[in-house]
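Next come two complexes, and both contain chain A; in the first it sits with chain B, in the second with chain C.
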Partner chain A sequence: MSDRPHFLLIAVAALVYLFLMLPLVIVVGAALSDTTYLTFPPQGLSLRWFENIFEISAFRRTIITSLQIALLGTLIALLIGIPAAYALNRFRIELPKWLGTLFVLPILVPEIVFGFALLKSFTVGTGAPIFLSLLIGHTLIVLPYVVRVISASLASFDFSIEEAAISLGSAPVKTFFTIVLPNVRAGVIAAFILAFITSLNDVSVSLFLTGPGISTLPIQILAHVEQFFDPTVASVSVLLMFLTVAVMAVVERTLGLTFLAK
Partner chain B sequence: MTSRRFWRRNGATGWALTAPATLAVVGFLIVPIAAVIAGTFTDPRGVFAPYISYFNSGFRTTVLFRTLQISALTTIISLIFGFMTAYVVSRAPGKLKSLLIVAAVFPLLTGVVVRAFAWLIILGRNGILNQTLLGLGVINEPLEMLYTQGAVVVGMVYLFVPLMVLSLVGVLENIPKDVLQASSSLGASPMATFWQVLLPLAVPGLIVGAVLVFTGSFTAYATPQLLGGERQTVLATLLQQRAMVSFDWVGASTIAAIMTVITITIVLAMSHIARRINPMAT
Partner chain C sequence: MTQPLDLQAVSAHYGTTKVLEDLSLSVQAGELVSLLGASGCGKTTTLRLIAGFLTPTTGSIQLGGRDLTRLPTHKRDIGLVFQNYALFPHLSVLDNVAFGLKQRGMTPAERRKRAMAMLERVGLAPLADRAPGALSGGQKQRVALARALVIEPPLLMFDEPLSNLDAKLRVDMRVEIRQLQRSNGTTSVYVTHDQEEAFSISDRVAIMNAGRLMQFDRPEVLYRRPANTFVARFVGFENILPFKVIARDGDMVTAETAGMTLRLSQAVYGAIPDTFLLATRPDGLVVSTDPTAEGLPAQLGLRTYLGRAYQYQCETAAGHLIANGSLTTPLEAGTNVKLVPMPEQCTILASEGGR
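After this line comes the complex of A and B, so read on.
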């Protein structure tokens, strides 16, 4: 079989990539427009819609909430996810198979159902504060990424190194931090980034867990689009895209991006 | 005896290390969802009353079928274009291949709201597509493209094609090159190799990709909300309305139960099928 695909296939692939990229280019263009309505190509370049983001207090507040939730949720998920991923690999024979499936459940069940259930059974049921519910919701939706990515890097870790350290007298906990964890550093960084971005972009869970004074950025964007059709949302979108590019650049420099495609 | 005790302690350590994550998933995900579903069967009007009233409502059954239809269309379109694109990407030379993979990862990491919003600018009444078509003289009046099923499907395909491309590139690269070489050196034409060797080997991967896209579009909220509006209500947007606008908790719970059951059934059934027909299965 010749290595080069048929030119028609190449043409289709090129069109698919055009279809993927063009809308994002249009959002950037619309964000830079000087007009009060959304348009493309931009008419007169200006950054005033970026300033507008920070003038609208709802945007300012939700950006901060979103970053707080994403950071805290990711850290908690790492805190409970790393030991779980370690145990799944280290005690593969002793632990039942379904335990691995359990940790992927949050991405198997519909997110919107999870958000609603958390609201109905936990928030309303126990009167827990909205911020806490949001944090729990986000921790759970990023947990599968943490467990899977770190499990994948532990799968290629040679546990006999750990046993050697322990039999030479190193305490198990110390061995974990000095031998095991440094060896899966790349996996932990990748898990952190994937989890952070997933949390930052989440809509379906946050949708139910917002209340007076508390909301996340994507939910605020949704609310704003339905009321005003001005370039502010385009500039917030561009801000989020820049954040993604920055994060991807960090991944590229530390791990190479093929890691994310795995 | 000592070794047996050592292993038992190991097992206990394993359980202890997984305990926090297990408790979190059970306590905050399984129990709340189970409670929501169980709640639908305690209606004073009768055990299945919420479901009977759901399927007796013409509007609500229409919503269910519309959601299934949109998801099916999205899956088929994403499969066709995703497979062709993944095939080209998997055969691209090294440097270009990494670039193409990055280009597919990028939209995937951009939020769903941003990606739906992009199509709002394109398909709107005064949107780019209408302006372009008017400018070219193709149409005399702006077309009503937003709030149609087509708009929702386009937005969903846009959401899921990168996912399909990435997962299929992985599948195609895992097919051993020797198999394809053997096929052509034994005299099969490129077309025959494609249809009789490559495609059958890729089927399990295609099924996994299709399940991802189908369940993803079946439960998507932001895209149908922005591009479909009330005219294209789907299960997810109906669930949100029942819960947050009408405060109809029983109605919302019923929709949640229907969505959960359909999603889990599809995931289990399809992964069972994928395992059974995998020609490379050990």
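After this line comes the complex of A and C, so read on.
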């Protein structure tokens, strides 16, 4: 028996990685092309299509909108999701079982249906501003992730620790912040990242809720591809990719990625 | 700093299920009282009611004249030691112990001084800067004990504190707990399902069953004079025989069951009613091969070896009994013997409707 893995295993693993990475290589290549159309391998090397992203005002605006919506939506989802996850775990015996299911419902319903329902009932029904509709829609689609991830974290939390703190004279609300929250910190950060990325990449719900003047980046990319065939789209994709990698790198350096697997 | 605890007719429900019925219990200042019983008997419910994690449906809870019944837990000033230690994983050993002092608005320097002094007492001062995760079970429970004691609570409560420790450590720790409790003179309530543990460290023990208090007394009394068949069986009186009085002669009473007569002194057992139950441990029945002995005829069944004696399953006209016989003469299954109760090892119980 040798300690080295079998060469077939290495070969299969390499193939899988190639299969996963190849599209990314093509996108990066296309983004760097000097041509005015999408092509691979790139012909000539240029960063002009990256500059072009910021020259097109629609991209500038939608990048900002997407970041705003993702950040605000995630924060609101955390504000609702953390107490919800806490209550679902703390009072698991007392609360009815369907209540937990209620919070994951938005991902069980097909997103297209969900987006359409929101459009019909909320945007059209109340005439609410587009930004607000988008924010509510995104908050709702990321809420299940927040509740699930933090619930998983709380499932291994021993609530007698909380009782110990209360018995020592710490008021219940204060105990939540000084004792419970620090012990599910990893779960909260994981939930934040998952929710932020989900919101940033969402197409189906945004498709229904965007409107005149306000759009998100993925929707703008779609719109751009419908009209132009230049490498700007590839550059935006690369930009998004590096944003995600950057977030992950920061997490890896500060916390280690292993907690995401928990 | 030591105060009496008084529970008056406390009942509790989970939903519509009654889990505690009319419990009245008085713990004197400085006393250690154990709540003993199988799981589901209401002992943990009682502790949680006193701690304030549950609210009684009826009744009141007083601690040193303070009414706790509706007071929120964090204002009750009770030290709690949990089965699973419940240390704060994100705080050092020292900060764990100092936590309660911090809630009392003490300065950091004072907190540190007192927490260190307490850690010194439980022998963990060198580990003050460790994380709780790096400690052994016994060390964790010492930290939990220090954390509960350092706030100098008028009442200290233990919820099965030794269940997660191995047998040897359990014995050491219970001695340590008792010594700390004694030297502080803190009124204490100790919940356990372990009879030996309860009897060894308590001033008094409350034996509970199905949400009711069965008997509340000193361990010596519970062990020798159980008040009812439940407690009798609980403390090891495995043989319970129904007797009828057939003659009274001043202090002496002659009673009969299944062809065996016994003479019992009311000076020893108290007033003996016309029908009663006689309870003995297996040690209280002598296995006699002498056919003329005055005892209950029995046929021996399975023999097991206990180390200090042989134990026999016996069939008698009064039912199935368990007796311990001497090590010098092991007897075979099927042997016909007499079982002779030793009056000093028997106790008398009132007859109860049904068994």
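Worth a mention:
Just so we're on the same page, the second predicted complex is superposed on the first by the 239 of 262 C-alpha atoms of A that agree within 3 Å, B and C clash if a C-alpha of one lies under 4 Å from a C-alpha of the other, contacts with A are read in each partner's own complex, and residues count from 1 in each chain.
Heads up, the rule we're going with is that a contact is a pair of C-beta atoms (placed from the backbone, for glycine too) under 8 Å apart; a residue touches a chain by one contact, two chains touch by 3 or more.
Given the structure is predicted, the values throughout are model-derived calculations rather than measurements.
In the superposition on chain A, A:Glu163 contacts chain C only, with no contact to chain B.
Considering which of chain B and chain C touches more of chain A, the answer is B.
Once the two complexes are overlaid on the shared chain, A:Ala223 sits clear of chain B and of chain C alike. Of the two partner chains, chain C is the only one touched by A:Ile179; chain B is not.
In the superposition on chain A, contact is made by A:Ala171 with chain C only, not with chain B. With both structures placed on the common chain, the touch criterion links A:Leu67 to neither chain B nor chain C. Across the superposed pair, chain B and chain C touch chain A at no common residue. Looking at the complex, you find that chain B touches chain A at residues 7, 10-11, 13-15, 17-18, 20-22, 24-26, 28-33, 35-36, 81, 84-85, 87-89, 91, 98, 100-107, 109-115, 117-122, 124, 126, 128, 158, 161-162, 165-166, 169-170, 180-181, 183-184, 190, 193-194, 215, 218-219, 221-222, 225-226, 236, 239-240, 243-244, 249, 252-253, 256, 259-260, 263-264, 267.
The touching residues of chain A, counted against chain B in their complex, run 1-5, 9-10, 12-13, 16-17, 19-21, 23-24, 26-27, 30, 37-38, 40, 79-81, 83-84, 86-88, 90-91, 94-95, 99, 102-103, 105-106, 108-114, 116-122, 136-137, 139-140, 143, 147, 197, 200-201, 203-204, 207-208, 218, 221-222, 225, 229, 233-234, 237, 240-241, 244-245, 247-248, 252, 257-258, 260-262.
Interface residues of chain C, counted against chain A in their complex, comprise 51, 53, 72-80, 82-84, 86-90, 99-100, 103-104, 144, 147-148, 151. On chain A, the positions that touch chain C within their shared complex are 158, 160-161, 163-172, 175, 179, 182-183.
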